[in-house]
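Look at the two complexes coming up: chain A is in both, with chain B in one and chain C in the other.
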Partner chain A sequence: MRRGSGKFVAGFLALPVLVYLVFVIGPYLQAFYLALTDWRGVSGSPEFIGLGNFERLLGDATFWKAVSHHAILLVVLPLATLGIALFFAFLINAGARSGTRGVWGSRFYQAVFFFPQVLAVAAVGVLFQAVYRPDSGGILNGLLNAVGLDNVGWLTDPDLALWSIIAVLVWQAVGFYVVLFSAGMAAIPKEIHEAAALDGAGRGRMFFSVTLPLLWDSLQAAWVYLGIAAFDGFALVAVLSVNRGGPDGATTVLPLEIWRTAFSFSKFGYAAAMGVALFFLTLTFALLALRVTRRERIDLA
Partner chain B sequence: MTFNRRRMLHGLGGLAVLTAVPACAFGGNEAETPTGPTGDAGPENPFGVAEDAALEVVIFKGGLGDAYATEVHEPMYAQRFPGAKVEHVATQQIAQTLQPRFAGGDVPDVIANSGTDLMDLGALVDANQLLDLTPLFDAPAIDDPKVKVRDRVVNGSIEAGLVGGKPHALMYVYTAYGLWYDAKLFEANGWQPAQTWADFDALCAKIKAKGLHPFAYPGKNAAYYQYWSILVSAAKIGGNKVLVDIDNLVDGAWTADPVKQSAAAWAEIGAKYLDKSYEGLTHTEVQTAQNQGRIGFFPCGSWLENEQKDQTPDSFEYAMCPLPSVTGGDAMPYAAIRTAAGEGYIVPSQAKNSAGGLEYLRIMLSHEGARGFTERTGSITIVKGAADGLPLSPGNKSVAAAQSAAGDNIVTYNAFENWYKELETELRAKTNALMFGRITADQFCAEMQAKADAVKADSSIPKQQRNG
Partner chain C sequence: MKASQRALNGLSHVALAVWAVTVILPIVWTFLASFKTNTEIFTDPLGLPATPSFDSWGRAWETAHVGRYLINSVVVVTAATAGTMLLGSMAAYVLARYSFRGNRFLYYLFVSGLVFPVFLALVPLFFVVRNLGLLDTHTGLVLVYIAYSLPFTVFFLAAFFRTLPDQIAESALLDGASHTRIFFSVMLPMAKPGLVSITIFNVIGQWNQYLLPIVLLSGAVEDKWVLTQGIANISTSAGYQADWPALFAALSLTILPALAVYLVFQRQIQAGLTTGALK
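Here is the complex of A and B:
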């Protein structure tokens, strides 16, 4: 490197790095420090209490309930979202009988599938409040009533509530991944699909033997994104669920418990400890996911 | 890359600065006496407010709106101190808005600490963040300097704001609680509010036969409307000591017989007459349903009529009645109702103009301030006689009648709602579980006792005591 260019590069980097340090790394450090204190959020002097908060976490039933919900989300959210998104993307790009073009009207579907992604999460929450409304005024229950069935407590039945919320998460996420996978599929040279078609591959065979392996990179990225999303869920749960995380804690998630512990219970130290636990859970998942899904790259060029 | 040592040290220096930045979040102050610039104290200005000191007022903009502040109290303050700039902030999320400001030491001068996201008073007092309001109550009243402010408010209202043994919150609004119904609907059907539990059950059956839901409360966001019913009934069965024991975290307070009897009685109403859908509906949705003539009884406080005034049809006339007696041997008569001073107004100890904050509260407690409040909100304040002669709405008339019938039989307030938010949150969840049939009354009592024991054993939660 030429003399002086280092200074030049550093000049460009200094500001973004500083912003990153102040607004990302700084709060992280602060959270790690707070997790070791009994800070109640309003006093001037947090007291250092070592690992006491983490000890308390081990015996906190609500915390473990939230973690178990993340475990469910971690499995169901990526599986359902990726499954549906792949199916739609395949139909849009190679769903026609020839196997090389999408089904009729595919561009229209692509736009429609993307709509939910454009809505703010809060708007989605309000929308599904109307869909899931527990009395006959609800959209789903109104339909059930029309065919002579009783109202279903989509969000009030403790066995059903979490699944109702997962369905919304999937509904919102699918469109983005349809577009992502469509782009990935469009990048696959037409000849490969044509060659497979000539060899007599049906649509199923084509998908599993040709499209899926060539999409692996996008799929892996999508898996990590959705996994990280599975550790959130705050906004939808806060808007949709009974008693914020209910009934009986059936829908609660860690970000919600952190928020409640901090702002309602004024236990910021303990909330920070939950945050640190969440940080390590997310980090562990991301590392594991990248490690497990690592495969040899297929070079199309 | 040519990275020399000096630049490396620069980088480290930068990091050191950064670790210092988060530390600023904990600016501290231990004062509990008025701070900030002060002017000359005198009979007209007992706290010595500086003439030109700015005043920042944060109002919870909920059922009461905020016109009472912008149109009544703030202009009154500006009139007394023409040089002062009064800044008004309205929010629905008190804790989220103000917690960072408390931590940073940049606090407003007056706060209406209300709503579902109010700040935990126990934590604030524990950290010496609130001004002791004793000087306010000992100050001369604005209307009559010979009388102290404390003699201008109704009995028990100062006690309702005690935290850590001192009045740290001004509980300003005088609220009555009971069962709300449409008087015209009841009259048309020949229904009479029931005095005994058996009659209540029979009446609910009649209402149900008419195709209405006899009883409903908003489980989604206001389960506390119903836990008030359970606790008020418990107090009527066993006396106010039941509720005082619960506040004081007395061993076995939740498993006491009156609580069990009340929970069992209400659980039965839940099983027989409470539609499952109400667990997932908000207070606005349930109140609208009642206005549409679909609900018989709705447990609520006396702000209800005003909150609904834009939606209530002309054919609907709000009225309130006491909760029916659960047993024949209740400690309190049927006429007993809960009336309590609520809606806490606080002055932060670190406020730049805390003397102004106290003066603002003194203005609120003046005859003119309190009367203006009632005119804007339809709610009565703790200031004696301030609402006399104002035209009363039908709902307020029924409250006044219930109050005079109750006489001294007043069910006391719950202090734990302000003291121990964790216990309160658990109670919301357990109330829904009980009323919608997922747990029995015995389980309800046992699980609430377990939570109360956990709060009591938790050394990180400062404990409070009340005497009566």
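Here is the complex of A and C:
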């Protein structure tokens, strides 16, 4: 330690650490305790009930419905987003003539695709209420009517609603990964593609045997990131879906149930238990993901 | 160029253009709808407004309080991002460049915040803020924004401060400058590129936050609401009041500032947000 710096170090750390302990670490630790209580109200004190909340969770149909939606999201959200993003990133970069970076208009496409990422999810939710309106006034149904098709209940049909929500999540996320992967592709030395082309590799072969393996690090990060996003979905479902998670629970997610259980039903202990369950689900995913995606790194240097 | 390759390039452009349209169309539709009448919006969703009118924008700004929400958002995010950057860079700097007992422990304490979902903390957080008497106040929201922005800010800036050279700080120390002075006049200016990226990251994250405002600023204090909760609420009540042009004007007023800022700082925003993904 440098001389006379002790006071300085303490002075610089005091405020950040205090704020962080009070509002972040404290609540996280309390959550594990509250999850073991039956705390129901602002007045009254929490009664310790052991694992009672978790036993109840096991028999809670809404909880399992929400978990099953996370399972669907966990598979579909990364697959669809990364599939579409890789496709567009490849089109943008591989269409380049020698000596240029990217197909004609590549900056424009990237700029447009990325824009939804800076919009608030709440605003995107309101935007897609207009897109998905169940009557002929909706944008999508208006288009369907124009080509002679009937209206579709995008958010009101329980079999379709979750997919409509997922489509919006994909819509918002794709551009971000197009930009991320484009940067990754631009960093691959041209000689590698030229060598592969000399060896007679076509576009498809080039993508799967050259580009994809070299992008592995970005892909892995993207997959973990989208997987963690698959355990959220709160803002979009709360704003866009019918009756917050409906129709009849068809689109509900755990964060929404936690929020509702706590702030609409005042079952604070039970909501905390759901939070703990969500935490362990996310943690399990993160650990599994890191295991599965570990793979030999390809060094470009 | 071979004909087959030209055809492929043509198809590429078709695919790219289709996605560009799916991004742009709903946004343009919203702008147009704000100039239409209720009847026009729902009987002819794909048509243009017959007599464009700006009245709905005035109603959105005044009656639907979008102006109020916008100002609240600006106030809250300005204070929260400034606070985050100040506290975050102070903590990151000390953790990155001074060795003392507990350094590693504190660093990992901050970074551990990246792993926990905020929903785990939600219930206790509400009561912590309530017990401090900060519920339904902007101060409470600002402090919570700062606290939850610290993990990534500290993680990112600590890595950045570690890469800065020692010599300049050493010689300033020999010249008799205090540690505090070195931080503010030597190290912070050198860390500017990192500070810019993470500021953008925090501004966008905090501006778009929806969960924390609806939990910490309840229905009773509508005059303190931020833009995200305001616009979500307008959309639920628009159906009863049947003023759809005003809803779409309100939505346009939400999108336009984001669009304007994005057009100006496009590259920095893309860079700032993508560094965020690779944590």
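Everything below uses one rule, namely that the second predicted complex is superposed on the first by the 270 of 301 C-alpha atoms of A that agree within 3 Å, B and C clash if a C-alpha of one lies under 4 Å from a C-alpha of the other, contacts with A are read in each partner's own complex, and residues count from 1 in each chain.
Going forward, a contact is a pair of C-beta atoms (placed from the backbone, for glycine too) under 8 Å apart; a residue touches a chain by one contact, two chains touch by 3 or more.
Being a predicted model, the structure only gives us computed values, none of them experimental.
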item: Partner chain in contact with A:118 - chain B first, chain C second, else both or neither; value: second
item: Touched partner set for A:19, first chain B, second chain C, both or neither; value: second
item: Touched partner set for A:263, first chain B, second chain C, both or neither; value: both
item: Chain B versus chain C, judged by how many residues of chain A each one touches; value: C
item: Partner chain(s) touched by A:127 [first = chain B, second = chain C, both, neither]; value: second
item: Which of chain B and chain C A:254 touches, first, second, both or neither; value: second
item: Which superposed partner A:275 touches (first chain B, second chain C, both, neither); value: second
item: Touching partner for A:40 - first (chain B), second (chain C), both, neither; value: first
item: First (chain B), second (chain C), both or neither touched by A:55; value: neither
item: Touched partner set for A:194, first chain B, second chain C, both or neither; value: neither
item: On chain A, positions contacted by chain B and by chain C; value: 1, 6, 22, 25-27, 30, 135, 262-263
item: Partner chain A, residues of chain B touching it in the complex; value: 1-3, 7, 14-15, 18-19, 21-22, 25-30, 95-96, 99, 102-103, 105, 117, 119-120, 122-124, 126-129, 219-221, 223, 275-281, 421-422, 425, 428-429, 432-433, 436, 438, 460
item: Contacting residues of chain A [partner chain B, same complex]; value: 1, 3, 6, 10, 18, 21-22, 25-27, 29-30, 33, 38-46, 132-135, 151, 153-156, 158, 242-243, 246-249, 260, 262-267, 270
item: Interface residues, chain C side, partner chain A - complex; value: 1, 8-9, 12-13, 15-16, 19-20, 22-27, 29-30, 33, 41-43, 45-46, 87-88, 90-91, 93-95, 98-100, 106, 109-110, 113, 115-117, 119-126, 128-129, 143-144, 146-148, 150-151, 154, 173, 178-180, 183, 204, 207-208, 210-211, 215, 227-229, 231-232, 234-235, 247-248, 251, 254-255, 258-259, 261-262, 266, 269-270, 273-274, 277-278
item: Touching residues (chain side chain A, partner chain C) in the complex; value: 1-2, 4-6, 8-9, 11-13, 15-17, 19-20, 22-28, 30-31, 34, 84, 87-88, 91-92, 95, 97, 103-105, 108-123, 125-131, 135-139, 141-143, 146, 171, 174-176, 179-180, 183, 203, 218, 221-222, 225, 231-232, 234-235, 238-239, 254-255, 258-259, 262-263, 268, 271-272, 275-276, 278-279, 282-283, 286
